[in-house]
């Protein structure tokens, strides 16, 4: 259910409506818009009688939401959501590029890569400190030490950092050091983790699961919003199919599909989406052309010796060329590289 | 690396080998067999020099393990693993049937179902107290109250109970009340949860993820064994494909594939695997014929009003007929219904 | 549209109804049943006004068929279709085993295999004379020479033979020599071929396409029936998924799905369905338990030197053991091995 | 095997080499290049002894081809293949747009659409006269009447036309009227049809099958080239996956994958690739950005009443906007709209 306030509803009227909703045992979500404020309602088990709310002062309309997700839907909020991270805005007209290694391996490795990607124009830095690995015997990340390196990178290069929290336990540490908390593809339906980051004050970058439908992706985002954190960035990173020329099948049509159904920004990750260095550039350009709000790109100074995902990491000079191509393409698409 | 002791190696010799392995900074896993003892070694980042161990008293052989998983592999342990739960053994010649509702909804609902499935011959009872749900607005289970109902069922009907832990936090409660901890398909690669149940004293039922390969399933089991819990039961429950005549595609060939690669028992879940009541019986029989060590079957007294997964739950009398068919089939396959 | 005649409708009344349907520019398909006759109607582009037919003598009922397929549906014909091939019946209570090499390579190879599979109890012989191959440079079959070898096998061993027609051109030759014309998975939607075999007097074995839904399989069968050939045998042979432990994913749930929707018999092909010799036996048993009307099994005397599909061909003694297991299983399932 | 002639090899020397290859019972394929000529060799069942050819006058090098496909591979021919159709070249720096209805429904319908797409800048016209349909009861196309309409369109609007041949029988008619023969996704492995169009003098547009790997697509193209027709244009049109927000999953990474492995041009078809009108524009731009040599776009003047594929057909004004966006994008990508 969505309560749409009139354009000139007073703060008082909004608060009265909120109190009324709470008194009905429901949960109000105030969604300020540029023109008017709306209040999403969750927590109901069956349909709500709209009559009680319709007659209240300042209330213009009470609308039933027909999708299984509510807070993330365009029905609830027409305008694109813009999420500010430091000086950067994700969503809307700007286009962000998040770049860095799959995993933070050492201060020296991370600093060298950060210097290169910053110079080439990356807007945010990525690097895993906690790594979810298929094998218990693979490198599992540097943990808090990695987070400290990321903090230094933010300070040294003025780059906001994105890093993954792999479980409820690690969220506390990650939100202490990082600007954006990533929830990985394997955790897209780790509902306890979603609820926990839903109570964080940090924006969340939520990656699509390997065999998740677009609706399931939006439902997982809904978990985060329903806990009060409205700053969610989605990310298409490839799905698992029979096709074997790439590691995953990058499903770029998810970008316009999400844009139609939801107001949340969505990025494309051609590095995981293809798993092959020489496919990253064409699929990055394709991602921008399909309408994504930005890209996640893996870059490594020495991919052959990377502790994870080497084959899909760009060499720094490939990343420079990618940024140049993106800049040209952005002009043709009326986008601004952040 | 696997250290195979000679048939008549003394307890002392085994302990000396274990101590030697630990002194090398590695982790020994003692695997007693009916004829001889083997010691699996994990924790190495590169290859280990076999020479040091080969010459030790009581050591017959030192073998390199070629699979990415070690402790779960047949290379490490030739004989089928049998896991005892109460009076029941899972694995080997016996065939178990775990039956019950998708979710514990009330004491009355659970008791009525338990009575029916016990009478029909079920060996264990299943029922979710914590439910991972795609939507944050769906019924999320009764939590600890549900676990208490399960405990009463065990006492009243002498049925060991299986129930899911959906996150690290809930494991403590679940292991307090349940006989077997289930890790669901969506959590198959929730590595923190795998490590936590790897430190539990309860057996773990690990379901295959929706788009997991058999190798990934075994790697996830390896996470649990590598923490010291060797009592893992695998479960095929259908994978996600384009096919739309069933909810998932039950991939029964995973059963012989697992049997070839691993010593762990594997069950089939035709309820989730098909999502349709009228496909459960034929696919349950097919699961037994394919060599599964048992089945997980959803049964509900009132499927139309079930709070989750109603369309795939059998009516009690359908379950009675299923058990009769299984009994006849077991004879032809030299299996014993536990 | 389906016209159901009354139990005691005379032949005259049936013919009058047929004539009436033809006079409306539509195509009648007379479907004799054990109790009453029905007449399927195809050829309409929109709905037909039932009134005209309802009042005719001998007509009991006029029913709209709601599925996109008509002639193949259970709505049209409730009883299982039995298809007689020589002395063998496919469908109903009997269970057939079609065995032989992937391709006929020489008279000596085919005869040796035929002798083995006949002795072990196979009901029909299979062997490709025309082979659809992914590469233009692979062995494409012996052509008519292969068909002549198959004819000799039928005469020598009293085994009806099944062989593939790969295009409209080859149907004429194939129907001259073979008892059953196979349409392969790659040709499941070769509609010109379907129409052509629909005008043949031979039964057709139609294999499910690699990414065909069950509905599409039934629609392809409908093409054959709509041309007048009602003797169609379906076959599940595995679909293409991400799973890599088998060559294809044998989707046995297609068996009960087809049984529910259609009166046509359906076989399972665990050889193509798994692509691995050691998975054939368990999946063959699973196919029988799932309710299939028979199996297609590849057997070769020298699989290592087979010109195609060697890795999935059974050794003759494996086939003997398979037949023994099937015989035991059949007893438990009230089936009779044909 | 590939015989590379020296830059200044005479026509005589080339013919001598060809004759030598033929005398060895093999099939030579002369591939003229801008700098030198190469001769592909097929027809060998095992490896060829290179010695005999290496010593011949004018022969610079004899190279073993390591891929299962030969004539289509980059190993065989480094430069991109350009295929001339009327005044249009497909492949290389130019970018083509093939537009028109799914099916030719009438002269009036086809002419109205042709006028619109020509005015908007389409380079070729598409329209089906023979339609492969899942159901035998769906509109199957106008047949030769449709081909005649296409011929008139070419004359009236100076637009080369592309239309599908659905079987060997229809190729003769199609090549009489059309400029490019299309082989549809369902026929990608109809090897008889591939061989037949391989003997045509018309270029062939070969669409990727619904569950075909990139290697299988190239092998199917190899069938055509091996018969002597080197003018093959590939087309990515979406593959079948679990994803349900689009009709198929448009796998744009197939574009750079094909470009790496083969010299043949490849188009993208976002109409079939998404099945939804509002996804066509973003995915068309993405296709161009990913490096495709052109697009196939379905346009209809009255999609609601289209006899097939209405929901994915653009309205004419949407096509105008698409062409404008493509023109801007082409500038940024150094492409020229043909």
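Read from first to last, the chains carry the letters A, B, C and D; within each, the first residue is number 1.
Keep this in mind: contacts are C-beta pairs under 8 Å (C-beta built on N, C-alpha and C of every residue); 3 or more make two chains touch, one makes a residue touch a chain.
Source: prediction; values computed, not measured.
Here B-C and A-C were compared by C-beta pairs in contact; the pair with more is B-C. For subunit A, the chain whose average C-alpha position is most distant is C. Computed from the mean C-alpha positions, the centre of subunit A lies at a distance of 34 Å from the centre of subunit B. The distance from the centre of subunit B to the centre of subunit C, with each centre set as the mean of the Cα atoms, comes to 38 Å. For the pair subunit A and subunit C, the distance between mean C-alpha positions equals 50 Å.
Multi-chain contact residues of subunit C (touching two or more other chains): 211, 240-242. Remark: subunit C residues 211, 213-215, 239, 241-246, 249-257, 260, 273-274, 278-279, 282-283, 285-291, 328-329, 331-333 touch subunit B in the complex. Taken in their complex, subunit B has these residues touching subunit A: 42-45, 68-70, 132-137, 166-169, 186-187, 189-193, 195, 210-211, 216, 219-220, 222-223, 226, 240. Chain contact summary for the complex, subunit B toward subunit D: residues 240-242.
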